[in-house]
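Both complexes below contain chain A, partnered by chain B and then by chain C.
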Partner chain A sequence: MSRREAIAALALLVALVLVPFVFSGSIYVLDLGVLTFLFVSQAQAWNILGGFAGQVSFGYAAFFGIGAYATGALWLRGWEPLLTLPVGALAAAIFSLLIGLPAFRLTGPYFAIGTLGVGLAMRVVALNTEAITGGASGLTLPTTIPPKLWFYYAMLVLVVACFVISAAVRRSRLGMALTALRLDQAAAESSGVHVALYKNVAHTLGAVLVAVGGGIYAVYFQYIHPDQVFGFEISIGMVLMPIIGGVGTLWGPLLGGTLYYALQDTLLTVFPFAHLLVYGLLLMIIMLIEPRGLVGMLQLLGRGRKRRPAQQTQPAAATP
Partner chain B sequence: MIAAPVEDRSQAVLEVRGVSRQFGGLRALDGVDLSVLSGEILGLIGPNGAGKTTLFNCLSGVLRPTAGVILFHDRRINGRSPHALVRQGICHTHQIPRPFAEMTVRENVLVGAYFGRESGHEANARADDTLALTGLERIAGSPASQLTVGQRKLLEISRALATGPELLLLDEVCGGLNPSETQHVLGVIREIRDRGITVLYIEHNMRAVMSVCDRIVVLNFGRKIAEGLPHEVANDPRVIEAYLGTHHS
Partner chain C sequence: MHYSLADLTGVLVGAILTAGLYAVMSYGLALIYGVMKLVNLSHAGTMMFGAFITLTLNRAFHLDPILGSLVVLPLFFGFGVALYAFVVRRIARSDPIVSLLLLFGLWLVLQNIAYLIWGTQDQSIVTAYTYSTIKIGFLSISVTRLVVFGGGLVALAALAWFMSRTYTGRAIRAVSLNYQASRLAGIDVERISAIAFGLGTGLAAFGGSLLTLLFSFTPDFGGLFQAKAFCVIVLGGLSSFVGVAFGSLILSLAESFGVLYMRASLQNLIAFALLFIALVFMPGGLMGLLQSRRSR
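And now, the complex of A and B:
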């Protein structure tokens, strides 16, 4: 992360911290903030494996659901909701390893299809384990929750954590390994990179962050249902957001996640399901014009017609 | 820089004992024995389909032999994955160079330096040292995607060398190069040997092999048919027969 990027990130953070005061605690603004941050955090978390390492997973809803249900189930058994978050994160980490160890024997589209199966299967499993998940009637949680302002800042902290972790990963040995294996797995392997190990680390890191978001989400909505938290839309969203914003970049998931939720929120009341149409169009435009997404487009605009250096960002190798 | 002590030359670094590899009904390797001695450049040659690449892949961890043992300093290494072998000191190059295209030349070499046997704080220095040896330092900042074939071959060697190997496996690093490029690469290989690194070198280019190798092993139809000094091998009737065929009158 360059100095300029760090300053921009700090300025943005200060602005977001001040937002509730500027809008004097408007419920609508707070709600918009909570959900936007949730989506952005998911996009950032997915981007570690999907962007940095180029391994496209369609199964991340599993971790969101695990986080949500860990919090829901323990909360109903009298736990303090905040204390359930680490449990959900741990459960997601263990599950991500159980999935990752066999799934990373697959590469490219085969890996994507394998994870797709996991994501879909988890919904069915949750529908049939009524003792924990409440099955098809869902889980109704206690109504004593903190004010919306608390959730606004909780989700903001999660977004900051995801951003800082992503920036740190990119600078680290882990980031170097992920870039190398994304560019050429065989070459990485023969340069001494333990490919399977680093893929699993990236996978688990993303899973933990997504699970924490799932836990906060459960408390916020006080109701969770398998169709919702293990829904295929959640998995697809996590793939779409970084691709729209700029897959493998630091800022892409931020932009993509914000646009993704803004579109959904605006269009859902005006023209239901039109947001899916817009996502499709955006995806086509991005694939045709600039595979590095919005970040790539902004850089093109910023530089005018100057040639773009290859090293600035890490372009997408993620399109299966 | 440090030449291998003379007494080490008699010691086997790598021993291959009765290694076979079956692909369905095809026996690509059939009980091959050979040893690579410390500090030497051992050439591995043979006509097309002789099993050179199969043997190479067994040694580098890409393939698992179906029979036999491979010993590195008397420790069995069959079936170890390539990254594990790199940690132990065996690194290989790819016949068709596989640079990390979006990285610069130096960044490519840094990957080897960071994840190799002697990873750690001296990685940057070792990467630069390697680039100086192979002569790529002039273009260290260039994107790897813009290199010529010769430069790609050198980058392949550099990245492998940066992992700090004790035994370097080279796969046709002179394939497709012009004579002056070939001379440069052969110079680099000698320099690597002079630094005390043992080299196993597979090559099609006969002239290159004959001029650089200390010893040569010849494979044909998956078996070892000759072994010895370059001029011995070149005059061996079995080798001539393998390459040129028998004379029917």
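And now, the complex of A and C:
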């Protein structure tokens, strides 16, 4: 992350901290904030494995559901909700290893299809383990929850954590290893990168962050259902947001996640999944034209604008 | 739990009938994977669209779903060829994950266009023979399942003939065996790829069309069957014709007999778990597993 990026990130953070005061605690704005932050955190978490390492997973809803249900089930058994978050994170970490250890024998599209199977299977399992998940009737949770402002800042902290972790991963040995194995797995392996280890670390890191988001989500909505938290839509969203925004970048998931929820919220009245139509089209266009997503397109635009005056000045400088 | 021999025979017959259906809906996927090594995630969208076109034909012209499927097949063959020419061709040779995501995008688009047109409610087609059954000895089999099985068999037989007796069919098989060598031998691989993509798309829609006889459906309905189709072709070794039939039978037997010993609502778990296990532990599918045994 360059100094300019760091300053921009800090400025954005300060603005987001001040938003509730500017809008004097408007419920709508807080709600918008909570959900946007949730989506952005998911996009960033997915991006660690999907973007940095280039391993597309369609199974991340499993971790969201595990986080949500760990919190829900323990809360109903008298735990303090905040204390359940580490438990959910741990459960997700263990599950991510259980899946990752065999699944990372697969590469590219095969890994994607394998995780698709896992993601779909988890929903069926959750629907059939009534003792923990409440099965098809879901779990109704206690109503004694903190005010919306608390959730706004809790989710903001999660987003900041995701952002800082992503930035740190990119600079670290782990980040370099992930980039290497994304570009050429065989070459990375033969130059001594422990591919399976790094993939599992990235997978687990993403899983933990998604699970914490799932836990806060459960407290916020006070009701969770397998179709919702283990739903395929959650996995789809986590694939779409970072890729549309700019896969493997730091800002792409931020942009993709923000737009995703904004679009979902605006188009909800048209029909429930209208935003997926737009995002599906965007995904096709991005795959055909600019695989680096919206961030890549913006960069191209920016460069185009800079180049034009540069072309004008060059001959002027050469003439005298 | 104890089941009589008659019960088990009934389950076996049911499993074979279901296998026919699975084979039809999986073959398109295997064909496209074989020729282009593309994982077609839009398969679900095409199946669903095939089903809804059949529904529309049924509502508008009282066209029987079986006849509807015969309309849908060429229609979607054309759609597939056009899709290949305008979109898929551009990314067919790039990183496999690019094509996977592009076709995934197409699935989302198809699914949500269907939501836009047909709404979110459950749809179904009821024909004169929907609820009738045929008694064979102690077995009673529903007519729709027999019809779907028959339709599937005819389609697969026609395909088998096409693949072994026509130039185009042989060229498709050649390209799936070795792309470069086929090119060197003078096969127009672009044309063959377009035809294979069209056939795969047409067959997916045809399968979706037949499914309307058995199940009610929403624009979301392809996802489950797509996962099952993946399971079938992974079990069958991804691209071979015999493999698809074999994989269909294994999946359908596992589901039919598995459900005797577990809750019915867990039935779909079998396909998802098998998909994962087969992918990870049986590269080359069950056939590959058998072959490696033999060669050892």
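As a working rule, the second predicted complex is superposed on the first by the 301 of 320 C-alpha atoms of A that agree within 3 Å, B and C clash if a C-alpha of one lies under 4 Å from a C-alpha of the other, contacts with A are read in each partner's own complex, and residues count from 1 in each chain.
By definition in this document, a contact is a pair of C-beta atoms (placed from the backbone, for glycine too) under 8 Å apart; a residue touches a chain by one contact, two chains touch by 3 or more.
Not measured: the values here are computed from a predicted model.
**Q** Once the shared chain is lined up, is A:Ser191 touching chain B (first), chain C (second), both, or neither of them?
**A** Touch status of A:Ser191: first partner only.
**Q** Could you tell me if A:Arg173 is touching chain B, chain C, both of them or neither one (first, second, both, neither)?
**A** Only chain B is touched by A:Arg173; chain C is not.
**Q** With both complexes superposed on chain A, which partner does A:Leu183 reach: first (chain B), second (chain C), both or neither?
**A** In the superposition, A:Leu183 touches chain B alone.
**Q** If you stack the two complexes on chain A, which partner ends up touching A:Leu276: first (chain B), second (chain C), both, or neither?
**A** After superposing on A, A:Leu276 lies in contact with chain C but is clear of chain B.
**Q** Between chain B (first) and chain C (second), which, if any, makes contact with A:Ala202: first, second, both or neither?
**A** Neither chain B nor chain C is touched by A:Ala202.
**Q** Of chain B and chain C, which one touches more residues of chain A?
**A** Looking at chain B versus chain C, the one contacting more residues of chain A is C.
**Q** Just to be sure I follow: which residues of chain A are touched by chain B in one complex and then by chain C in the other one?
**A** none
**Q** Report the residues of chain A in contact with chain B in the complex, numbered from low to high.
**A** 173, 176-177, 179-180, 183-184, 186-195, 310-311, 314-315
**Q** Per the contact definition, I'd like the list of chain B residues that touch chain A in the complex.
**A** Within the complex, chain B contacts chain A at residues 60, 81-84, 86-87, 91-94, 98-104, 110-112, 114-117, 119, 143, 145, 159-160, 163.
**Q** Spell out the residues on chain A that touch chain C in their complex, using ranges where they run on.
**A** Spelled out, the residues of chain A in touch with chain C are 54, 56, 102-103, 105-106, 108-110, 112-114, 116-118, 120-121, 124-125, 127-128, 232, 236, 239, 243, 271-274, 276-277, 279-284, 287-288, 291.
**Q** Using the touch definition up top, name the residues of chain C that touch chain A in the complex.
**A** 39, 87, 90-91, 95-102, 104-109, 111-113, 115-116, 119-120, 223-224, 227, 230-231, 234, 263, 265-266, 268-269, 272-273, 275-276, 279-281
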